């Protein structure tokens, strides 16, 4: 593999730094040549660490740098759309962390631009496609060995949220992964959705709903129930079970040792067989991130993207918007998308 | 325990015969003195086996027999209400298998009759209250150690149904157990409910819906999702998980050996760690039935029933009626009950 | 079942009282007519509770009472042999808790006496034969579906021991259940055995070995490794796995709810999925005790015992003696039994 | 990380090719500059694939190539010692797949050579140290949260063996991983060992013992029972449980989806909850191999090896030799090693 893809990264926060390390150290056929961040010092620090070019806060300049062949966008959510459009203006490859945009309209603009260019250039960072558990679930469902899929039951539970978190973010930043993965697992599209108000946890008396239950129905009639907790009192817990005609298949818990014991010093805790649950979301899909970038670079070298597309990013946004609009109505709202361009079929 | 409760049984089908054996052989302080069945020969056969009196198909006569102190009703569902009322007319103890009646109105009649008598005489056969798994779940929820309960996810899956099964029976004969156990676990009442149409399984192309998803919301705001399958392609599978503020608690799978192997002779089956799943519903709660009858007889001797009441049977019927009425509406329907009499609080 | 077996119980301690309740309340075809105990008051108290006859400490008199058809021996271990012999002198049915005797010689005397009578009259209280888990393991092994059995790995862990406990009791009172159940599962006899000295736990610095590892080899060459802990620092934990030619089969953990949570108030305890482990041995095989007595009474009515025999009690004693003799030798010692009488084949 | 470690690989079989890909594609700070193999064509093929130099079958020449800074030895077992010694003659870094040598004497020679050089240059490919499961077990044991370790129960089960496999290889090629990992988990050394003859499986009627049971006792008195199957009739199954004073800790099963179903088309197979078991050993520790090489390269750059040393390779050989010598003796044989040089402490 002689060719090395030269990447520029926008955003040097936690995930940006991690992707930078990943690309430089573990992804074959790719390297990072430049970084930028709206806080110039963050870009400078990361650039210094790897001996690469810093564009400081000149993200636009970095996109235009002729040496930069592909742009990875890990900046804050509201900036995604703008950087994607600017990358497309240069007709460069673009890897954008989820969400693709803040609303459906902006996603449509990206899709239209790709149509004009006549080629998929954008991949969205839905890394769960590369988790071995989800991938095996998809394989089993597609094989038909359990019959057709009928129902998905999922939950997405987080320990806590930073300041500024709003009820709507429970959909657009949290459940968006389920909005994406469920239609991918089912190879189906959403018909209508409903966000149901449920009893609230006292862990989150901070101005946002927690938990929320999101119900989705697909074109083929599948029913999906996603429980979202953003302050669950214990850990980071992702579960997904697909009920098929002849059986069910379930996402495994992460690889973790099992103890049988009584916690030392706590006589009032009963002895138990116990398997630890993660608290840090970054650990849960760490292997999936690695595979995601390797596959992305491979597909770029092959000249044809295979991962989550701007269409996938768009549909997740549309469904998320409908969920947010349905809150409090006790109604299923239609998920109305533009027609799916041939390119994404 | 000198006193022996003398019981007459109406209905000598599978469950009636099993309760007869149970009471005679394993329940302290009780015995069966007479049986009847609308098929006289069935009653005669059971009576002969235990050397007790057969009333043939004279169920009414048996109820009136002065020797009979308590009546166990295990006849077909549509007859329950009538036999309960006749037993109450004699002011005798009555154990009625679920459902208590075919509709809410009939249950109300039973409740009014108990009010007139001024004493609970009826227990409904919701045996899951006596399952050690559900009982431990209730204890944990009530203890508050996991915080308030917020959400229940349950499923009730059956292998197949006999002739004459209708979509509505998926609620009134199948999900009725969940309708009962969820409010018992939560110590809460239903606010509104909705039966959702979902993708249908080809296992059940027989004129009834399968699966069905039933959603319930409680007065305190808890959200309940019950998946009902009446032809699930694999086994009898009952699952129930309660999500609380600080964690979840889940019904265990039945006690069953675990194998690691490749099924002999089938080279195309992958090796696996496997735990068998039951196919016969009668095995799943067999220990619960034993405890149920022991506790019922104990409470009769104490002069005060403690098990599921006619109110419990009534509420399950009302919620079931609302679920059936909601089918196809995509709406949550209110569950409207009469005011709860003091006697059942 | 007209006939009721009239039972006298020797020993009104914890297990004696429990068996008394069990027989009176839940075992069909049997009742307790008299009790005795070397502490007369204990017998009186139990007798009063059930309105039956107390022989006080006149255990010998009770055995001879013509009304007593069967004797259940639950007195302290060193007295078992004597009461069994006295019961056999009357040619009455005898259910003796394990161990049958304190040594092999005494067991042989019982076996010879049964030979003279020409009929099995003694059953030993190895209740695990009636546990649904062990029974299913035996069925699977015997079916051959996993191929021949090759290896057993077992452990028997207890929370703590009462005063007077000695190293040897780790074999004769604790591992004796495994000594019995392993040969029953395998349908095989012991060839030689070895008790291995291992690193000691500081939980039991009380003059006895803990843990101990017991190795047994059978006539057919199977290898058995039993870990025995009598002060394990957490709970009562019984495990057993049989490795066969084409897979393994494992005793299930008891039916117990599963939680996902962080123990309340202990921030330093990690969140986990946890399943409680019992601490009280009496709960672990409670259902097996019920089945054991039902089956025993059934077999007595049929005139032919089917449960664990005095031969089974004898072999466990012989193997236990060899294990105790092997301690410290680093050698496998032969398990040498008398020839197996036809009656027990 | 400017510096790139230039590696030459001896052996281009399955594992050699895999390590070549791994180093080139995913290990930061390292690359492969040359390959060789006793089949020249194999080396040429791998070299061509990555555009690197092939030394054909001139392995010795490759070791001496001044550009080669480190040698990875993945040739067949009997050649390991020779290539390690030749690499040490050049005072180059050496990564040698297990086993380090065919016997203890040869390992001692390597150790003496390292003493003369005065620096650890050799790392042995015991990749399990880098498995997240074993690593977490070691952390828990070392933390003392479960008390001191007392007993290890392990098994190593393979599906089948290639031609030429001998009974002794069950120790030196299979159990060698357990011989290494157990002393690493316990931070302890072997006192004596015994290989026990057990009932043989009919899966392996091919001139070698299967299964074998290997017992080890450590200096601190810990007891280890390793079951080795080289033709187990189902899958590749690695298990390891450490019993400590206050509880146990167990290696997890690999991350794998769980199904509840009845295998399609096989009505005679019972429905079950099932989790697949691997059949290919190469998949089981695939992530551990990646981490192993990353850490090795990191430690080379730091100038100080931290992974499994030639001492570790030596002790595994000595214990393996004692196990093989003990076969058929029914005796524990001492594990006698040279004194541990300061360098390895």
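All chains are identified by letter, namely A, B, C and D, in their written order; residue positions are counted from 1 within each chain.
Just so it is clear, a residue touches a chain if its C-beta (ideal position, glycine included) is under 8 Å from a C-beta of that chain, and two chains touch if they have at least 3 such contacts.
Protein names from UniProt, one per chain: A, B, C, D = Gfo/Idh/MocA family oxidoreductase.
A quick note: this is a predicted structure, and the numbers were derived from the prediction, not measured.
Chemist: By mean C-alpha coordinates, which chain is most distant from chain B?
Modeler: Farthest chain from chain B, going by C-alpha centroids: D.
Chemist: Hey, which pair has more contacts between C-betas, A-C or A-D?
Modeler: The greater number of contacts lies at A-D.
Chemist: Using mean CA coordinates as chain centres, what's the chain C-chain D distance in Å?
Modeler: That gives a centre separation of 43 Å.
Chemist: Centroid from C-alpha atoms only, then distance chain A to chain D, rounded to Å. What do you get?
Modeler: 37
Chemist: Roughly how far is chain A from chain C, centre to centre by C-alpha average, rounded to an integer in Å?
Modeler: Using C-alpha averages as centres, the distance is 56 Å.
Chemist: For chain C, write out the residues touching at least two other chains, lowest number first.
Modeler: Those would be 233-234, 246-247, 260-262, 271, 275.
Chemist: Enumerate the contact residues on chain C facing chain D in the complex.
Modeler: Going through chain C, the ones touching chain D are 147-151, 153, 155, 196-203, 211, 213, 215, 217-218, 220-223, 225, 227, 229, 232-234, 243, 245-247, 330-332.
Chemist: Flag every residue of chain D that touches chain A in the complex, lowest number first.
Modeler: On the chain D side, the touching residues are 1-2, 24-29, 51, 132-133, 136-137, 140, 145-146, 244, 246-252, 254-262, 264, 271, 275, 287.
Chemist: What part of chain A is in contact with chain C in the complex they form?
Modeler: 233-235, 237, 253, 260-263, 266, 269-277, 279
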